[in-house]
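Letters A, B, C, D and E name the chains as they come in the text, with residue numbers starting at 1 for each one.
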C-alpha cells in the first residue's frame, strides 16, 4: 500500500496511466448505502458500483477499493493514496477548494429518525427549532451540522461518530431525533428492522430562505481536470440512458434522488448546502 | 555428648510458667527449623538465647510475636494459648480477635529498629498507646516523654527517624516498645546493626530497663557481657534444639557441651 | 497542503472550547482513578478470597480491553439498565474506571515497597488493621507512587479523544469536525498537537520535580 | 456472520498484531536509546534524550500519524502507511518506555555501581554488564503494561487507512447493524490478545528472575490461589 | 591532650611511601569530615583504621577507591597522582583514562559484599579479569578457581549470590577483589554485617591473604584481635584527624590518648 506521489505530479496524465495499469484505486468511507461492506463481506454501495461501470467504459477493468475513515478521504486523495473518492461525498464550496468534483450522481433530501410512533411529533429541523426540549442527534462530519449551526441548534446537539451510534443513541434515549439524509437513515433502519424506530417523511430543509439539498459526487485531485472531465462524460451518458438509476436503485435510490445539477453550480453555492 | 539439656534447667527458675512452648515445630520447605521444642519462662524472668546462625533463635521470637505461625504445638502466654482458643473443652484455632488480645501483652524490638519514618519521634512512641491502649493524647505524651528521657532522647522528640543515628533510633524503638507497658519484651540482636560505641549506649538503656522494671525479657544477642549482666538464664541453641541451659556464669565460665564451648570461643575471639 | 494562518486563527476559539472539555474530563477522571485505584488495591490485598479474586479478575479485564469499547458499553448499555448519565459523566467515569486499574498497579508496587519490617513493627505494637493502613503503610506507600501516578494523568489526557464515540465534543473531535466541514485538517490537527504539548510539558515537569524531591540524591552511573 | 466479514475481522486482528509487535520492537530500541541517554554524564546526550521523551510523550500518536501520512509527502517524504503507523506508535510508546528504562537504571543500588568501579570496569562495561542486567528485571512489569497500552493504542491507525481490529469491527457493525455482538467480540478479542501478551511478558519475567537467582514473583493464578493471610 | 600524632608514626615504617595523602580535605555541606589530612603508607604495609562512628574512616577508603572526590589536596599512589595529572610541569585535574589507569592498582571489599546478583559465583570472580585485565576466559577461570578454593567455596561456583549465606558472599567478594591482583586492598568493616561465627571464617581468609601475599592493605574494622594479628600499624581517627598512630601492640596495650582509651574500652566491653 505505497502512496503514489508521482500520480500527483504527472498532472492530467493520470487516466492514461490508470489505463496502462488496468487498475484504479478508489477510496470509500464505509458508509451505507454510498460505499460499504455488505453482510457477505463484499465492498459495494452506489458509488463503487457506479464507478465500476464508468471505469469499464473508460477501459479500466479492475478496481481496488480502500476503506478509510470519512475524515481521511480528502487528505488521502491529495497525497495519492487513491485516485478517486467514491463515497457519495456531498459537494460543498469548501470542499471544492480542496478537490475537483464530478457532476453529482444523486441528490439527498433529509429525514429524521425518531422512536416508533413519533411521540414528540417532530418532522423537520424547523420543528426542533420550535421545541426547546428536543435533543437532536447529528452525524459528525455531515452537512447537517452546518444546518444545525445556522439554525442555532448546536447547544442541544449530540454528535455521533457513526450512523449506528446515532441509531443506538436514540434507543438509549441519548437524543430525541437523529437528523440525516433519508437514504442513510432508511438503510440503517433496514439493517435493524426490529428496532422500535421510524423515519419521518423526506423533506428538503430551507435555511435562510435557501433550499438545502445535498448532492453526492466523485472526488478527484485538483490537477486531474482531464481525468475528471473524461469521467463526467461517461457518467452523464449513463445518466441520460437511465443506466445510472438502474445501477443505484438496489441501494434504495429512487427517481426523486436523481438530479440534473452540475458540480459547477454546487461549487458556486447558488442552490444548496453548507 | 549431644543430649538435650535437663528438664530442670529448661524450665523457669522464677515463679511458675508464664510463657510455655509445648512441642512446637516449624519447618520451611524441607528445612526443619524447630522440632518439638519445649521450654518455659517465668513471669519477670530474663532469658538470653545464644547459638549459631540459622539455629532458630529469631524464629522463636517471631512466633511469640505472631509474625509467624508454628506448624504444630502450642504456645501459652499466661493463662491463654497464643494461637488457640478453648471452645467446648477442645483446643481450636484462634480467631484474629483472640490473637490480638493475647498479643497485647507482648512486644518486640527489632534489629533494624523499624521506626515509622513518616512520624516524628514523639508520635512513634505515642501512636500505639493512643490507638491500642486507648490513652488520651496527653497521657500518652506524658508517658512517652518519661520514656524518652530515660533513653536520653527527650531533646529529639521533634526529629524524624531519618535524622537520628542508628543508636538513637534503636533507643527510640525501645521507648516505643516500653510505652505499651508489655509483660513480655522480645529483643532480637538489637545492637548488631550498630557500631560498638553506639551499641554500648543502647545496651546501657536495656540494663536500666532490666534493673528498674520486672518485664519478662527474651533476648537474642551476641553481646556476652550484657547477657551475663542481665539474664537469669542463658539457653544455647543448636539446630533448633536447646542443647544447654544454665545461668550465665555457669554457661560462660564452664560450658559442659562441646558445641557451646566452640561457639563461645569464636564469639569471644573476634574482637 | 500549505499552512493557512487565517484558517488556523479562525478555528482557535472552537478548539479552545474543546480543550476546556478535555482538561475537565482529565481532571475529573484523574480524581476518580486516584481514589478508585486505591480502593482496588486494598480490596485486592484482602485476606478474603470472595473479595480479592473477583476484584483481581475485574481489574485485569478492564485493564486489558480498550477504553473505546468500554465507553461504548457504558454509554449505550447502561441506559437500558435504567442508569442514565450524561455523556460527559459517562466519559469521566469510563476514563476514571479504566485508569483506576493502572493506578491500582502503581499503588500496589508502592505498598510492596514498604519494608516488611514496617508491617512487623505495626504488629508488634498491636495496632489495629485500619490504623496500620492509614498511619503507617499508606503514608509511606503513596508519596513514592506520585511520579508514576502523574504519568498516568498525562496518558489519560491523550486518551480523551476517545470520548468522541460517546458524543463528547472534546478537543480532537472539535478538530475533526472542523476538518470535515472545511476539509482542512492540517491546521486544527497541528494546533491540537501544540496544545497537547503545552499542557503535558508542565505536567511532566511537575511530576519530575516531585520525583526529584522524593528520590534521594544524584548518583554516579 | 459471513466468511468474508469474518475475514475482515481476522485481517484486522493480524494488522493489529503486526502494528503492536512492530511498534513494540522499534519502541524498545527507542526506549533504551533515550533511557540510557538520559542517564549519561554527557549533557548533550542527556538533553537529546530528555527532548525526545518530553516531545513524543506530549504529542499523541494520532497527531503524529496524521503528519507522517498526510503532511510529510508535501515535504517530499514517502511513508508507507503501515510503516508510518509503526513509526508513530513506536515513537510515542518509546518515549514512555524510556522513562521506564531510566527508572530501572536509577533503581539499581548505588552499591552495585561502586562495586563495579572498585573492579575498574569502564562506564560502558558498568552499564552493560552490571546495571542493565539488573535493571531489566525491574523494567519488565512496566514494559508489560506499556505493551498492553500499545495494543489498545493501535486502534488510532484507522485514520491513515490501516484497517486494524477496531476498524474491522466498525465495518462489521456497519454491515450487520449489530452493535452489541460486534463490541462484545472486540472486547473478547482484545482481552485474549492482552492475556497472551501478558503471559509472554510474565514468562520472560520468570526467566529474568531466575537469571538473578531470585524466586519469580507469583503470577496471576498463583496470586489468586495462594491468598496470603496477613 | 589533643595534638595530632607525631610525624614519624604517621608515615610508613616499610619501604618508602606507596600511598600518600597530602593535605586532603573533604566536607559535606557544613560538615567538615576531613581537614588537611596527611598520611602515608608503604608498599606491602597493612594499616588498620579505628575510631568512632562518623570520624571519616569510610570517607578515606572511598576517596582512594575514587568513589568520592576530595575537595582539596592530593592523593598519590605509587608515582601517579590519583586525581591529577602532571602536564607541562603543572598539576591539572586528571581525565577518566588517567583515573582508570591508577585505579587499576586498587580494589575494595565492601561491608555489604555487593556481589553482582545477575552473575553466578564463578562469573562474579572472572568478569573483571576478562573485561578489565583482558585475560582469556580460561585463564580467568583458572585464577578464579584457585581463589575460590582458597576461600573454601570451590563447591559453590554455580550458585547465585542470593543462594549464599552472608559469610559465603563476603568470601566470594574477597576472591573477586583478589582476582584483580591489586597492589592495594581496601576493606571497610567487611565483617560487621555478619554474625560472629560467620565473621570468624571471613577474618581467617583475610589472615591467610595477609600471610601469603604482600598486598598493601588498608582496613577499617572493629575486630580488634584481627587488627592486632595482621596490621603493621593502627591509626586512631577522631573527627577527621589521626589522633594516634602506633603498632597494634602499643596501641591496644598502652594507648597514650584519652579518647583512644575510652574508645577501645567501649569496643572491648560489649562482648
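In this text, a contact is a pair of C-beta atoms (placed from the backbone, for glycine too) under 8 Å apart; a residue touches a chain by one contact, two chains touch by 3 or more.
Molecules present, by chain and UniProt name: B, E = Amino acid ABC transporter ATP-binding protein, PAAT family; C = Polar amino acid transport system permease protein; D = Amino acid ABC transporter membrane protein 1, PAAT family.
Worth saying up front: this structure is predicted, and the values here are computed from it rather than measured.
When you check each chain against subunit C and subunit E, which touch both of them?
B, D
Based on which chains touch which, give the shortest step count from subunit B to subunit D.
Shortest path length, in steps: 2.
Using C-alpha centroids, which chain lies at the maximum separation from subunit D?
For subunit D, the chain whose C-alpha mean is farthest off is B.
Report which of A-D and D-E is connected by more C-beta pairs in contact.
Of A-D and D-E, it is A-D that has more C-beta pairs in contact.
Return the chain whose centre of C-alpha atoms lies at maximal distance from the corresponding centre of subunit C.
The chain lying farthest from subunit C is E.
When the C-alpha atoms of subunit A and subunit E are each averaged to a single point, how far apart are the two points in Å?
Inter-chain centre distance comes to 83 Å.
Rounded to the nearest whole Å, what is the centre-to-centre distance of subunit A and subunit C, using the mean of the C-alpha atoms as each centre?
So the centre of subunit A lies 38 Å away from the centre of subunit C.
How many angstrom lie between the centres of subunit B and subunit C, each centre taken as the mean Cα position?
Spacing between the chain centres: roughly 47 Å.
Name the residues of subunit C that each touch 2 or more other chains.
1, 76-77, 185, 220
Could you check subunit A for residues that touch two or more other chains and list them?
71, 75, 78, 165, 168
Show the residues in subunit E shared as contacts by 2 or more other chains, in ascending order.
Correct list: 67.
By the document's touch rule, what are all the touching chain pairs in this structure?
Between chains, contact exists in these pairs: A-C, A-D, B-C, B-E, C-D, D-E.
Can you tell me which positions in subunit E touch subunit B when the two form their complex?
Against subunit B, subunit E makes touches at 52-53, 165, 191-192, 195-200, 203, 222-226, 263, 266-271.
Going by the contact rule set out above, which residues of subunit C touch subunit B in the complex?
That would be residues 115, 117-118, 120-121, 123-128, 131, 135-136, 139-140 of subunit C.
Which positions of subunit C touch subunit D when the two form their complex?
1-2, 47, 49, 52-53, 56, 60-61, 63-69, 72-73, 76-77, 102, 105, 109, 129, 151, 154-155, 158, 161, 172, 185-186, 189-190, 192-193, 196-197, 200-201, 204, 215, 219-221
What does subunit D use to touch subunit C in their complex?
Subunit D residues touching subunit C: 39, 41, 54-55, 57-60, 62-63, 66-67, 70-71, 74, 96, 99, 105-106, 110, 113-114, 117, 123, 126-127, 131, 141, 145, 148-149, 152, 155, 166, 179-180, 183, 186-187, 190-191, 194-195, 198, 220, 223-224, 227-230.
Would you mind writing out the residues of subunit A in touch with subunit D in their complex?
1-3, 5, 30-32, 36-42, 66-69, 71-72, 75-76, 78-81, 162-165, 167-168, 188, 191-192
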